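A, B and C label the chains in the order they appear, each numbered from 1.
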Amino acid sequence: MYDVVRNRGLRKLREYAAQCLIYTAVLLISAVFIWLLIDLLRGGLSHLSWEFITELPRDAGRAGGIASILVSTLLILLVAVLTAVPVAWMTAVLLAEFVATGSWFGKAVRFSLHVLAGVPSIVFGLFGNAFFCVYLELGFSILSGGLTLACMLLPILTSTAEAGLRAVPHVYRLAASALGLSRAAALLHLILPAAAPVMAAGLLLGIGRALAETAALLFTSGYAERMPDSLLDSGRALALHIFDLSMNVPGGDEPAYASALVLVSLLLGINILAMKFAYGLQRSKLMS
Amino acid sequence: MPIDQWLPGILRAGALIALLVMLFILLFLIGESWPVLSKLSIVQLVTDSSWHPLEGAYNLMPMLTGTVLASTGALLLAIPLGLASALFTVFYAPSYLAVSYKRLIELLAGIPSVVFGFWGLTVLVPLINQWQPPGASLLAGILVLTLMILPTVTVTAHAALAAVADELVRNAAALGLSRWGTIQGVVLPAAKAGITAGIMLAAARALGETMAVLMVAGNVVQYPETVFDPVRTLAANIALETAYAMGDHRAVLFVSGLLLMGLIMVLSAMAEALEKQQHV
Amino acid sequence: MNIEQEVGKCDPFTLGPLEAGPACCDPLPVIQVKDLSLRYNGKPALEKVSLDIYEGCITALIGPSGCGKTSLLSAINRLTDLIPGCSVNGRILMQGRNIYDRDENVQALRRQVGMVFQKPTPFPLSIRRNLSLSLHEHGITRKTEVADISEQALRDVGLWDEVCDRMDSAALNLSGGQQQRLCIARALALQPQILLMDEPCSALDPIASGVVEDLICRLRGRYTVVIVTHNLAQARRIANYAAFFWVSGHAGQLIEFGRCQKIFESPRHELTAAYVNGVRG
């Protein structure tokens, strides 16, 4: 009896200790996170203004705004998305609808996407520099940077699109076939529309990933802070701007804070939108 | 019918591009590394006196050590914190708190590395500097990395814990096990493979992370004696020197890129094997 | 014979009252299954099945689960093509031509042979679009024509009055029975000769099931129906012919085929007798 009672006391203590530790950890994480957010908001809001968004940077970015940076970022994103999306979605349709899981081609494509997903962004930067900038002679340009990011986006765009396509119930394909629809028509009218929310969510996640990327752009799209004239012009992405202001420009902290706030708000908006699409999928799944 | 005949062909062309991108990456990394791989011996990357690329001394070991130390330190902090967060959301928190805490973690996951680096540079580094100068140090790198991989650990552990069947938990409770007893005796063993897979992914992310560490760790090529010494990681080294590197120097940087990629491949392959185990 | 001819003359879209089906006293085979074997990844699912499906009649495929009834059904419109690892040996003759010939136009075949699945499978589109999608695909694009055919198909399944004022709302908002009738209408809109039904009532509640069953009875004579059902009472009520399948060894086999009445009242094979009397299976 005595042993049991003592063990119960010990167990209670252990129970209590575990709970305390877990709550402490959670409080600590929340505190640090809120600290970070408040810092970002306080530092950013004091410098943020409409002029900051619309003016060109002056004095290495210490003064003026980030208009040209935003334009460059947008162009890099456009290049990346416009090249990656067709390839990724075609691959996803092929993998989900046409290729048997055991076929060598499907396996090879799947494996290469798997490898790509594991490549660290700095290595994408090295590759982009060697291939696009040097070998294809595109130089430090928005085109080089965008294409490098496109390679980086391939795995995430493909895997989300494939997951979306696979989530479409198989009976739709059977029913469409039984009605004599061609596979292309079934795909176009039924399966792609049903998978569209997930594909859109994946696209947004990909855009977010590209927007946050710095290391892969470091030596592909270059540093130039002026307004780009063409896709072959060097252009500085927003994330890179923050890096440059904080590391290489003494007294660049204030605009860096404001730029960071702009970047984080953009990413937040994109993530919320992506989640909305993903939830939309769950709801439509419940309905059927 | 004709459209059904040519559609797979077109799609195949798209997939072929994805395959080619992977091949090209390997091809160009190996191609650019070739001068070193063929001319200098690999041993040199370990035995050279130090990292003085302009004088032809290419010892990567200090950077490799820095990378491993920073990642290990971050994992040591992030694993308990992430696990605690996941346990909190699954077993301890009332549902409204669990949901908002999960949102918070997701938000954390959405912050780009350059912003973490910037915050570390303007807030953490001065703080550490007041305590143990110079501030920009292995410790700052570890702390920033911890924040960055914490969401990965939390989200994967949460998924693994939530996947443990409710039935199992109810049965354990029916046997009179306490909450922690259930977690320790039933839930954690059942979710072990999934949690470990998440840790591997987090480790891969920590190894490959460039900007945040680059901004706070001081980037001095040396073996750190304490956590307050500045270090340089492999990824940071690539980021710092690729822009101006020529000849052998450039090739060595590509070799370090290959090395980094190899390390990460091994980790993610292990994570995948573990995930498969979890699903069986 | 003259009953069959009369049927042929009728307007293809006005279903008569329940009793209008022919007695099938002198039937013509419209599908002949010859020595059909079916394998999934090399594992036999159906072994050497031969039977005739008679025009204008309802043929019920009965037997325990896993004996290959559904596989046979999907072999008739070559839906087996979509199942990875499924291989079919033997022939299925439809009006004398083998549908497994290399140059068979599968899309045209599937237009001729409609199919209704166990669970209602309306597409996640509007009711109107559910009907028009396949019509468009088969070259019927004139708006008025599509609307006329859709309306007639919905009237045939008794759904028109229930949905005519909400044709543009989502088909998934219909009840289970309505969804199943929409699926039948969708198949009928293509004016098939043959309708394959894979347990069309089993996912429905008893009332909706009754409505669909009545509908199937009214299809008799106008369409050739092949129906898989686990509900023996239903098979007995609606079918003209019945085919009894049983798993022997590893694969499903056809044990007995004949007039429905004969199968249920004086079966030749003892397995059939045991099954229809509820002793086995």
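Here, contacts are C-beta pairs under 8 Å (C-beta built on N, C-alpha and C of every residue); 3 or more make two chains touch, one makes a residue touch a chain.
Everything quoted here is computed from the prediction, not taken from an experiment.
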> Which chain's centre, taken as the mean of its Cα atoms, is farthest from the centre of subunit C?
Replying inline: B
> Looking at every pair of chains, which has the largest contact count?
Replying inline: A-B
>> Comparing chain centres built from Cα atoms against the global Cα centre, which chain wins on proximity?
In response: A
>> Nearest whole angstrom, what separates the Cα centre of subunit A from the Cα centre of subunit B?
In response: 16
>> Need the CA-centroid distance for the pair subunit B / subunit C, whole Å please.
In response: 56
>> Taking the mean of the CA coordinates per chain, how far is subunit A from subunit C in Å?
In response: 49
> So which stretches of subunit C touch two or more other chains?
Replying inline: 107
> What are the residues of subunit A that contact at least two other chains?
Replying inline: 182
>> For subunit B, give me the residues that contact two or more of the other chains.
In response: 1
>> If we count contacts the way the header does, which residues on subunit C are in touch with subunit A in the complex?
In response: 77, 79, 81-82, 84, 107-111, 114-115, 117, 119, 121, 123-125, 133-134, 137-138, 170, 172-173, 183, 186-187, 190, 196
>> Taking the touch rule as given, give the residues of subunit B at its contact with subunit A in the complex, in rising order.
In response: 1, 3-4, 7-8, 10-19, 21-25, 28-29, 31-32, 80-81, 84-85, 87-88, 92-93, 101, 104-108, 110-115, 117-119, 121-123, 147, 150, 178-181, 183, 204, 207-211, 215, 235, 238-239, 242-243, 253-254, 257, 260-261, 264-265, 268, 272
> Touching subunit B in the complex: which residues of subunit A?
Replying inline: 11, 14-15, 18-19, 21-23, 25-26, 28-30, 32-33, 35-36, 39-40, 43, 86-91, 93-95, 98, 105, 108-109, 112-127, 129-131, 135, 151, 154, 158, 182-184, 208, 211-215, 218-219, 239-240, 242-243, 246-247, 253, 256-257, 260, 263-264, 267-268, 271
> For subunit A, which residues are in contact with subunit C within the complex?
Replying inline: 100-101, 171-182, 185, 189-190, 193-194, 284, 287-288
